[in-house]
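Both complexes shown next keep chain A, but they swap its partner, so chain B is in the first and chain C is in the second.
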Partner chain A sequence: MESVDGATRSLPSIRRLSRGLPFGRARGRFGLSPSGRLLLPRNADSQTTAFLLRKHWALYSVTPLYKFSSAHLKAYAKLLSAFIAAEKQKGLAVEVGVELDIKVAVTSLPDLKGSDQDEDAILVQLSLRSQAYQKKSEEKLVWSGWFCSVYGDDLSKNMPEDFTCLPVFLANGAESYTSIVGSWFQKTFDCCFHRLAISPLSLSWMAAMWTRCKVDKTASAMELVFSVPHLPQPLDILYAIHPEDAKALWDTVQKTPGEITQEEVNVFMDCLYSHFHRHFKIHLSSTKLVKVSTAIASAHCDGIIKFLQSQYVIEVLMLLTELAISQIE
Partner chain B sequence: MDETVIEYIRRTVLKIPRKEIKIMLQKWGFLSRSQLQTINFQQTKENISRRVALLCQENSADIKEAAALDIIYNHVYPNKRLWSVYQMNKTIYQMKEKETEFFDIRDFKTKFKRKLHSALENVTINFREYDDSAIWIRIAWGTPYRKPNQYKTSYVVYHSQTPYAFVSVSMFRSNVPLLLEALVAASNYNHICAMELRSHSLNSLKEIVFNRYSQNFQTYYPEALQEHSVEPESEPQIVHENRKTKEKIQGMNQQAFWDCSLPKLEYAQYKLETMFESDPKMGVLHRKQPFRCLVKFSSPDLFESLKSLAATSMAETSLSPLLTCIPQKPMNNFRITEETSLISGRLSTSLCLN
Partner chain C sequence: MQRKKSCKTPKQPLQDRHKIQTDLSAWRKGGRIDPEKSVQGHQSLNYQESNSKQDSLEPALSYFAKVQDRVSLKSSSALQRHLATVESIALQRGLPPEAFGVLLNTALSGKLADTVNTRLLKSLIPESVIPESSVVSSVSWLCVSKCSSNIQVLFLRWLITVFDFIDHKEDLHALYGIFFQFVQDGKMCPYICHLLYLLTRKENVKPFRVRRLLDLQAKLGMRSHLQALLSLYKLFRPELVTITLPAKTKTYFKNVEGPWKAAIKIIRQRKQEDSPVPQPLFLGTVRPQSRKRKWNTQLMIPATSTHRNHLEEVREKNSDLYSTDERFPVEQLQTFPQLLQNIHHLEFPSQMGSVLTNPLLLHYMNCVKDESVYLRLHFWLGQTLQEECTWCVAANSQYEEEFKDFLETLCRAQSFLHEGLSPCEEFLYRSLPLWDGLCCRSQVLRLVSWIPLKSFSEMKSHLYDPLAQLFFTSSLYFKCSVLESLKRLLQNWLNSQMVHLDSAADSQIHSSNTTISGLVNVVAELIHFVGMISTVALRLESNHTFLLYFILDFYETVCDMYLMYNLPLLIMPPAGVFYPMLLSMDSVSLNQLCYIMYRYRINLVAAKENEQSKKEIQQFRFSNETYQEYNQYITAMVGCLWTSNAFQKDIHPQGLRMDELLTKTAMEQHRTSLNIVYHPAMIGYAVLFLQQACPGDTTFNFSLIKGKKWNWYLEYLYAKGLEGLKLFIESSINRVSQTSRSKAGNTEM
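Here is the complex of A and B:
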């Protein structure tokens, strides 16, 4: 699996995952039984989450934004719009040919968060308005990006007043727009964007966490994709498990409801690896896990996520917030 | 004159890479040399295609000519299609007769067309023969109420000296039984069945299947090859003088699998329905039902990558027979149930096929 260094670095934060599960378990120290205040996850309604389902989002970690205020979103939209227009003038245009007008909208999404301590998520949308059509209905959404934080207390609790913590950034649309919007935010709020890769260790956590969720009859398989890149001819191995059987296996592995340990994730993965080895005599554990896909979501090691069910969006965002924070720290 | 035919020809030309258009039109032979000289092949493909369309209009091209161009295109670029392999047979007594039969191409074509037309009026059938005794058949399917759709065609490549046919169906899967019936009737066989072998690489499929075919006559024994060990001269994995690696490779060489030059396959797929076994101490899953999963290996050249994988510590020296049996079976789509004995490493021949 992963190198020792990587494992040591991410383990402390991964261990925290077992504390913050939205089962109604209290936020206490690692290993304690539930007691004290119960934490009920905020269930983002399907209207809010409709825009983010079934799209591929590129992941970034963002350092805290300096002097950002959700009261000035309209102003930010205007400034960003002017910035994009200027970039186009400079010849860094993204569209060739017909003169197209890019409209910028910046809105807040108060539902996409974990606790009340989290900042409201911020959504930036770029739409194309062709000058041939003056009507508003002729706008076409070409790029979306949003900042969010779900149970990101570990980052925000020690931050001075002037800083806004929204460590996760997700982008969908042309790479060129992402870099223009990213550079404006970096210049304006003195923050840093970094591509958020997902390690095989984190991917196996996601596989275990997402397998445990109840599935209906039509749920898709739990898919793991492994890559063996350094061969003269690269080899990809897809290992797809029937969701009922994957869940049955996980249910026998998980010892304590409401809590997941690294040990349990290892046993789960080892079971899958040994079943594979029995048939093919290949050690999957020495190959690179590059993608995990379940009925809830899919994640790729290059830092790409796809949400498939609205009721689990917050949980997935919580995992991503953990990963983003550990990259920032 | 049918404008749809001209448009179809134009779109076929658009599929061809610009550098190859002239050669393909020459192969086609429908446009005269002087007509070809009037085409500027340096301009955009869009413009070239329009010029060709104009010339075809002048020549009053019909569907037969259009089909011929499509067959040529698919013959040069067969890897754009997914091919399945079918095997035909007769009873043993009839097989002996079959070997001495003289193949009559006209008879084949007549019977094939007759069988299809008896079931379906609206169908376009075209043939083209090639030097390697391959007959390419192009079929465009219609319905009782609609003319054939020239853009969604099925192809059959039949080598008349063999019982094998390679079929690429495209969209209308419901027409497959009729197609297979026509093939059997035209080629004077009794039965046809699907082999669990599919690939985009038509040539690889041919290599796999024809090697086996000739082996049947040569009574091929894989055990005999264990004596023969080949030094892997160009094996890229032997970089460092790691004795263990060298031993591994020599171990590999003892298997017939590694001795053969292997054809190029892009994938092997296994539907597993075997029981999940684990160390009872782990206290995990013990069910009566099978653990259902699907495994798919993909690579630009599957066998090459498996060979190099086996030389690393990621795999055992001797790979599972599930992988090494692919060329011999030949299959690349498997369904494995508990009936196949896996533990001892021997694969029984009674695999339950899809």
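Here is the complex of A and C:
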């Protein structure tokens, strides 16, 4: 890991991060410069990431897959499609390998990873064959899900060979498909899926981190949604900030470029809160942050994420990997 | 009759029976041969009668076994009666395995009219399993075609429906060729194909069979049942079936469930309702699933084999795809001998979580020292505990019973394995601070007692602090159960440490993080913790006897650690525990204390001797403080029980000032008024003794007990079962003075 280019030098510091409370440490965690230049060695090809953008992905954490091998993806697709057909037919025996209404594709996405230690991301796609044009490739994508790991070394470094660490799973499409595909993976690779909720603390980290990223075109406003607890009717407060204002604020808060500390995040959020209080006399600090959306991505505390900028996908995934690992361990 | 009826079926209201009978008539209507009228007649007629005959299947069976040819249903009331009995029992409870042979023979032999045969076949509802032999013999009836084709078809439909209830299938597989012959039969063909579909194994796929099927297909045209069988053949032996089969899947076989499925379901449901314990299911290994709210959490996973071999084969393009390979499927693992026979080609189930409910697999897990096995279990268990904990995850509160069962299973698995699983430990550390001390109490406390022994310094904040908080604020019984669980924890640690010492002798496995001194510190920390909470608890509960018992029980393990567990550690109970014990009002506690002090003495003496005899430098020595503390206690005990010289010196460093306290009681001669006669725990014995020794005397002059009578009194106490006192007095009072090892004990009679 000596050097690929200058950027990789910041990697060891990332890898040294130990588990604990996510983001809870006062040490620099992410080797990102305030200018928004990614110090990550890989940048996901915008073509491969195109399909990820502007979709809502439900987040799951996945424990390491046992005896998973990326050499068998074709076979997995076959078995999975048979499993889906069987589930749909309520347990009737179904042959393996026959063409079915639902086509399953399992492929790998080699670009979506952080370091070389990370496994290739795995994409599962279900498409519906239309009945009318059987022979033609008239297929409609109905569900997709992917496993990935971006700088997931903390989990994978001491893992025996039989285990494949892809701690983050993202699904888009009907929950019923997620459940079938998830069950199959659980049964076949003895892993566990769990919804990955994002805590308000992590959301505020995301708000701070994404604020300082530069986006070319005139970006949309940064929006924070707060929910007021203990009310008979749910009440949400939407707090929209002009991205340049937010960035300016962040620049005054951040002390060392390339490092973000919990303290800085707190100061940043407190500034936003006090500004809001000055105008509306509402203490946002006693509400719950439920959603953050910026030009980079948007994240909801229920564990839903939407990527908006392909060049920041890897960075967001790195954060999610970290969250997932801390849920697994 | 009436009386019998009422006691036989006390729990089944009449309505229930009505309901079942409506079900019955419902499926009858769908039946091919409709015996409705006569059945209805019978039912109303035999309604009461049949109920009383619940247990009288035997006469009916023996009747059918002997029945002559061509008995008419209309003319024979005996046949009517027995047929009705069979039907009602079948629908009520299902038929026992032994009934199938007889009834199948009767139905397929063609002795009786088809109406009767149909009714017999329709009532073949299994209670548990169907013996394979009965099925095999009925296949032979099929071959001699004594019965009509309708009956043959009905039999096949029955066979397909109840296929999974047949206890073995090896002989049935052997009849594959015979079944295949029936493919020619136009009427039976669809059902035979379905049956073959169920039976086919790779070795059954032969070129001549493929040819026959293809011929048939050429003759009859595309038939879904033929296609089904062909595609299965193609799957096993692609090289034999070269034709292209339509890719589109549709249901190959018509629904053949017939009348039986619903009845089987009803019987099974009723069975589950009746029995308080879940019945072992004869079908599959899945436990009745409770409503599952999330797709990804299943607390009890059934053991299923992995299908990974197939994948490997796919990769290798091996033609042995889906063959019955040499792996022994875990589903079939039922007995211990099976485990022993197949241990070399056994494979862990696809989901490790299922081992928890399977003692045989736990055995296997114990033998296989494979890291990945534990890792897989670890991940699953960690996630499941985290997700399902009813007091950590608010939404789960309605699933408390389920979670409790899960923890119970976990407890059983841990005590089976004789070791704690680390996810349980993490779960406890995470969830104890949030625990109310009520939810799943006994399970949680049992999990506590299996926390592994590691030299781990954070026990205090993770375990002791939250536990102490609950301990102080909860009831007496909770305190006692906590003490009990900590005693077990200590015992488990001591046991594991023994194993560790043994294994450390020949290898240096536990080198870095589990040094002996580290372990000793952890054990000492636990004992000090228990001493601390015991002291407080005794004050909170005013020295409740029940509490005393549990505390003494704990120290009974502590006092013997050196000799019993070879651990170089002895810790005396704190003064706050010792003195309340010594001055306890009941003799059981005092006796137990005496025993404990006796064991301390034995252990300390042994330690001292070891230190002196072995000249080599020992890593561990008991500090002089332990000896001093022991001596102080022994002085107090001897003073209280023997020399009538209690608390002469305030020897306790913290200044108990017992002497001053006793002076305040304004009791005369308080100093001399404590010994085995006057001690509050013993005075009852003294009274009884005096009553026996001087029957006439009612003045209770205790001072009479001295000299010879003192010895008699001692004998009297020993005879009353105060063994601990006996051991204590015999060891500490006479011998201590001789060896004069201990300064304190040098008191003599």
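Simple rule for what comes next: the second predicted complex is superposed on the first by the 273 of 329 C-alpha atoms of A that agree within 3 Å, B and C clash if a C-alpha of one lies under 4 Å from a C-alpha of the other, contacts with A are read in each partner's own complex, and residues count from 1 in each chain.
Methods note: contacts are C-beta pairs under 8 Å (C-beta built on N, C-alpha and C of every residue); 3 or more make two chains touch, one makes a residue touch a chain.
All values reported here derive from a predicted model rather than from experimental measurement.
With the two structures aligned on chain A, chain B fits next to chain C without clashing.
Looking at the shared chain after the overlay, A:253 reaches chain B, while chain C stays out of its contact range.
For chain A, the partner that touches more of its residues is C, with chain B and chain C as the two candidates. Of the two partner chains, chain B is the only one that A:271 touches; chain C does not reach it.
Of the two partner chains placed by the overlay, only chain C lies in contact with A:190; chain B stays clear of it.
By the document's definition of touching, of the two partners only chain B reaches A:280; chain C does not. Contact with chain B, but none with chain C, is seen for A:238 once the two complexes are overlaid on the shared chain. Once the two complexes are laid over each other on the shared chain, residue contacts for A:158 go to neither chain B nor chain C. In the composite built from the two structures, the nearest CA pair linking chain B and chain C is 22 Å apart. When both complexes are aligned on chain A by C-alpha atoms, no chain A residue touches chain B in the first and chain C in the second.
Residues 63-64, 66-67, 71-72, 75-76, 78-79, 85, 89, 92, 94-101, 134, 159-160, 162-163, 178-179, 182-183, 186-188, 190-194, 327-329 of chain A are the ones touching chain C in the complex. Listing the residues of chain A that touch chain B in their complex gives 221, 228, 231-242, 245, 248-249, 252-253, 267, 271, 274-276, 278-283, 286-287.
Residues of chain B that touch chain A in their complex: 236, 270, 272, 274, 276-278, 282-287, 289, 291-302, 304-306, 308-309, 313-316, 318-320, 322-323, 336, 342. Listed in rising order, the residues of chain C touching chain A in the complex are 231-232, 235, 247-249, 251, 295-296, 304, 306-308, 310-311, 314-315, 350-352, 371-372, 375-376, 379-380, 382-384, 386-387.
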